[in-house]
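The structures considered in this document are given below.
You will see chain A twice below: alongside chain B first, and alongside chain C after that.
What follows is the complex of A and B.
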């Protein structure tokens, strides 16, 4: 193939270009031509196509995501907001924390191990890029039915990939979710969250400022990994008839990443960079254009200098390659020798590939010819923006009217007992140790709480005990029934989970997984979900610090359940005062906080009976705020022995989980309809355990926060006893709870 | 009795971190001039009876199903004479 240069683009102006195959529309191609005043070269076309893809440009979501900025509550905590690699919040004592979730759904379906592993690698680099040391990861996962044969292929590979990469990096995996639903069959959701910590003054931004400063590419060599991965793979759903579109899979090397992390942190400590960007989706195209666009505005890159793993790569491929474990830094000329010295010390390949200038153009040369000459903002920040049509799906009202009343409800004590066993052993509620035992939860010695606790907590300062808590949540079935309310409920739950462990919620991130934005029904779900989240964040006073949108999650015409995963980060002044979920002593008092109503629409009970319909409960955020304040205050004053949020499966599941943790039973008394009392999923409820000595103090505190309390019973014994109804030995509950995952997945690897 | 050798290698364009680590270690041990290392897997499979075309096809489908991950690996089957 002959080299397509800017010169030849002018001479051979009418050459037919495969822009449609690269995912560009006619009008987008026309716009590129009008920006450049000529046809793009093939390298420019590659850059625009990948940067203007849904995955990189957020072209369908941008108009809605603006709400996160417009509705942002007043807060002093936010140090860096949306738009950078990850948001940064102030957690006190001079520390700043950055956290973010990203999706790696499509690559993980193609090659579960490497897809999930590189998902972890990518989010860790995003956090590193902000100047922070990554300290923990979490993985919210969604799969098809647990007994489906493809789930047996995908889940074990994904779990091993997350464990393999994260464990090699020495990062504790402190939580996440594993949820099964039919709609994820051909499209699992592999979301990865990373949190990192730094001092305020160490925050780094992705910008290329200062004429004459050098552009350095460092880390792994560039190979043919995931070429077209972003524009083709992440933006078009799978079509088994088109195997030719399968790109080469990216393979991660966690040891290379570990070295890169340490190398970067030393470089940051000596203040050797002006700006930095990791190479993720769209590789060099993305890093160079984003750095140039956010900085002085001009950059020249000599592409021949990029160290290659595969010397046969064409310049277009080098620009598109998604080889892992690479970073791009802007370094002042007087600091370059020290920069390169540190890279050598860590055995990290580092190459000066270009220079910042004031030309307002990003120019790239190859074999002494200019092959790219573009205004960088048009590539990175001024991509197309679509106002996609959205409309409530035709069947939405019918879906909401289809109440779960047709399912026969358990009435007799024996039926209620069986319902508890059915729920606690169903894949969505079963013990996830089979998954989480493959992750290192305690490496680095700062993990305070990890799965299955309500939120994961890591200590960030050994002297003061300062720590951060994180929880991710969403009941996607509620989001299908009412995406606005469902997303508010997701925030409410993550918020409550953080508070339940004693941490004060501070900031929000999200990973919005949806079907095709070209479908008005999906776009309606998306618009409702974003509006719901933005409104709820404003009401709770929490800023959204960033997030990720993953569209085209569907198999054929069937979209996944709308799955806006919401992550809440909280701060805890002294991790020694956190509250865990386990009932650990006999003779303590159990209280239920919050009112119980009949809420079975979208519940796990309805799900195991194959029903999905009705209206989800409404999130009462004023109540949530008061409840959180109560929990945080009670935790800080050390008057709670344990606390656990009620979610899927309701009260019975929550108490059973609390009892199973340390095998201390409980005897509870319930009022009204026992089925509703035990299994309803009304939000805004928490079970707490209080010793007799703290009981009066606690009740007074609850009253002062206007939180309704119901005395449930006392802890003790080796069974869960529901007075006047049934009792189950903890050993029987444990067998049901813990047997599911090994039965489904043992031997699949 | 016949014996088959199945060799599984990462596809040439796929990164091989183990091979790269070995390639980096060799010069440190004094082996100079080695430019690249790729690491793979070798399976030796024995069957009763002769290596018929049918048996070879069977081994090939076993390799496709279990021994190799065709998304990132290639394999070759040969009869060990």
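What follows is the complex of A and C.
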């Protein structure tokens, strides 16, 4: 067994190295050599290869993502911006909230349960790392067709994995999405959002400052999981007797993470760390290089000290291991004994593995030999940046010209009635309880709204009732038709959802799921989407606090629908004043806010008829802002009985959902073409329920915000009645709505 | 009156149970699994969660926690003891209550609002309810199916020790739709649904759960 050290790299300068197998290009490898003035050691090569990967370096997306910073609106709310593990916003009363969304798409396709579980684990550690107590999670999920056999493999496993991990951490799952589309076959999107809360003074950053301070690795022991591609190094350079291929999927241990959370929170409470970083993608390589480059600048690590679950691991593998439930902290020497004491109290393994210095180098030793000696910034922050070519896809104009006019429209009352039943039972609009009933929404005792409400709301202060609201949204079909407009619409919807529940939108996160960046058409979608989101955020005055990019979601030449999932966080001063979606009393008035136009391109109605083409509607952000202000004011002054955003399926689906929640019906009258009135997906619309006593006050308020109102009808009865058209008993609607998921997934696990 | 809530590694609903105690008018104290003494505690709640990850068998490791020796001894001496969800599992593993809780019959974790019927209001934890009263509490567990042998079931039924049953469709395959049971003396109670998550309109489906905590506080004052 030979160890590749810095010394041997100098002696054996021309050794052939498997950099291509590790995903590095010729010019990237040459750049590493020029940075180091010699060939890298195998450990250095492993570090650079993984830190310069698309996943860690954002090399294809960076040039576009800059817009989020450049177009950032003036805001006092942002306490920590893009670049840290998660952005932090001020929500008042001395509280700060941090939230972020990440993808775990590829691992979840390979191993649905563990992929989804570790996706939750990773995002929760990102939030914890900021110094916050995680308080809720959400999961936007996308799968291939609901009736496809592979969906029956992937979806139940993913849902069980999210539940299995999140439930065991004691985090309420308060919302998300479950969407099906052909293009997600083989490329399911498993996005996970976490939100956490802390006091302003408790914010922690990932930096290793202060010469002589100690580097502590704590949490789970390091094993061979998630090493994947790096095993080419191990199997080529080392002992051939040991397992030659390491698994590429990580395995989660939620119990280890739960005690790690509690342990960290006690450590934070006693102010025992200078900086902290979780170990996620690229494990120790990432944590040590990022901590070092953000702090005093130098660090020395004794790799032999890392506690191992598998003693046969080579140093390259220890550096790359993505074993879950690990953290790395920078601790002053005088605080180390208390730090270790708290770890012992929680039975958390903690080991001092190194020290901060001012050498401007990250040095790592193994068996008394130096195996890594690099400038940490070149690993963590100065990776390659690509200006990938992008160009509008050849068929884009044709796609936009292909209007959904060829589909036969329902005309007769009976056809309209059937259309409602078809839509409310289709997998994308059907009741998702089969999924969400596997998630604990009650734990922590602060969940005020959860799925299927327009946004999830959790209380963060019991005394004042201060709370936060979150919604994630995107209609990816709209993004295919026009990625710029589609992404603006995604923001508009998430923004509207937060306001519908009575919370004031404050900040934005995103998870940008796309195909291969090497395809100029995909890169065009990406550039348009990022520009659309940055422009729209500026117009609405919302900062983007962070996000995540997932590329290469494609099978062969077929990319997924461009899927920029947008998450909006809002704040509500008193959660008792939130607006829920349920019609709960008889005799209240129903109003539709906003104008209805004929918008069927990319609609759910077109989708169930197998059509995707045309131009999406335009997002009117000035209207959205006025609508939001109206909804927030009406909620604060408690004049709304209920409110619900109109999105997929249009007005008919929205009213049906409001009626089904507490089984109180409604009688509505519609104007103009009934098909358009009932099923068009024009954005910027909300249905509100107002009692007769508050009606005049509400109408005056709407007028003052210049929001058009249409009186729809009154609540009551056991049916949804569309005057002069049709009626459906709520029991029949409920059977249609609730039967789909059990029918598709019963018996799976 | 001081009610202790035990925190095991992996407990989740410990702070929530403490909040319920306070809302019912009692004083709540968090007890650490590794401590030995209960000091001046008047009653104990074993909260929900996944103690030790529930990796071996739910509650199987928690029963050996140092604090459990004292909890068991005091409960056998008459101290009120409530096990909720994982706490119920710990009580069964500790043999303070008979039977076991196994995987839900459909093998999925289930979180939903569950209607129950109260069948015994003579325990220290249920005196504020009336017999036959219907209440709704959150149910949330993966292993909530109550199982025991026929003889135990006959005893539980004949002695009126079934405290609450699920109403309507049996959510998890529990024998005789059992949601909670008590010991003969009525001081040790195990319940699968979560009363501590039904104490305020804002965050729970109902406030039906508060009665468990007001019941025990009243019974302690009466002593």
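Here is the rule we use: the second predicted complex is superposed on the first by the 727 of 749 C-alpha atoms of A that agree within 3 Å, B and C clash if a C-alpha of one lies under 4 Å from a C-alpha of the other, contacts with A are read in each partner's own complex, and residues count from 1 in each chain.
In this section, a contact is a pair of C-beta atoms (placed from the backbone, for glycine too) under 8 Å apart; a residue touches a chain by one contact, two chains touch by 3 or more.
For clarity, every value in this text was computed on a predicted model and none was experimentally measured.
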{"item": "Contacts of A:110 with chain B and chain C, given as first, second, both or neither", "value": "first"}
{"item": "Partner chain in contact with A:255 - chain B first, chain C second, else both or neither", "value": "both"}
{"item": "More chain A residues in contact - chain B or chain C", "value": "C"}
{"item": "Partner chain(s) touched by A:386 [first = chain B, second = chain C, both, neither]", "value": "neither"}
{"item": "Contacts of A:225 with chain B and chain C, given as first, second, both or neither", "value": "first"}
{"item": "Touching partner for A:310 - first (chain B), second (chain C), both, neither", "value": "first"}
{"item": "Shared chain A surface residues [contacts with chain B and with chain C]", "value": "253, 255-256, 347"}
{"item": "Contact footprint of chain A on chain C as seen in their complex", "value": "9-10, 12-13, 15-16, 19, 34, 48-50, 52-55, 107-112, 138, 140, 142, 194, 196-197, 199, 202-204"}
{"item": "Parts of chain A lying in touch with chain C, wherever the complex brings them together", "value": "160, 163-164, 167-170, 253-256, 258-259, 262, 345-347, 433, 436-448, 459, 462, 575-576, 749"}
{"item": "Residues on chain A engaged by chain B in the complex (per definition of touch)", "value": "110-111, 114, 220, 223-225, 246, 248-253, 255-256, 309-310, 323-324, 347"}
{"item": "Chain A contact footprint on chain B (complex, rising order)", "value": "10-17, 20-21, 24, 69, 71-72"}
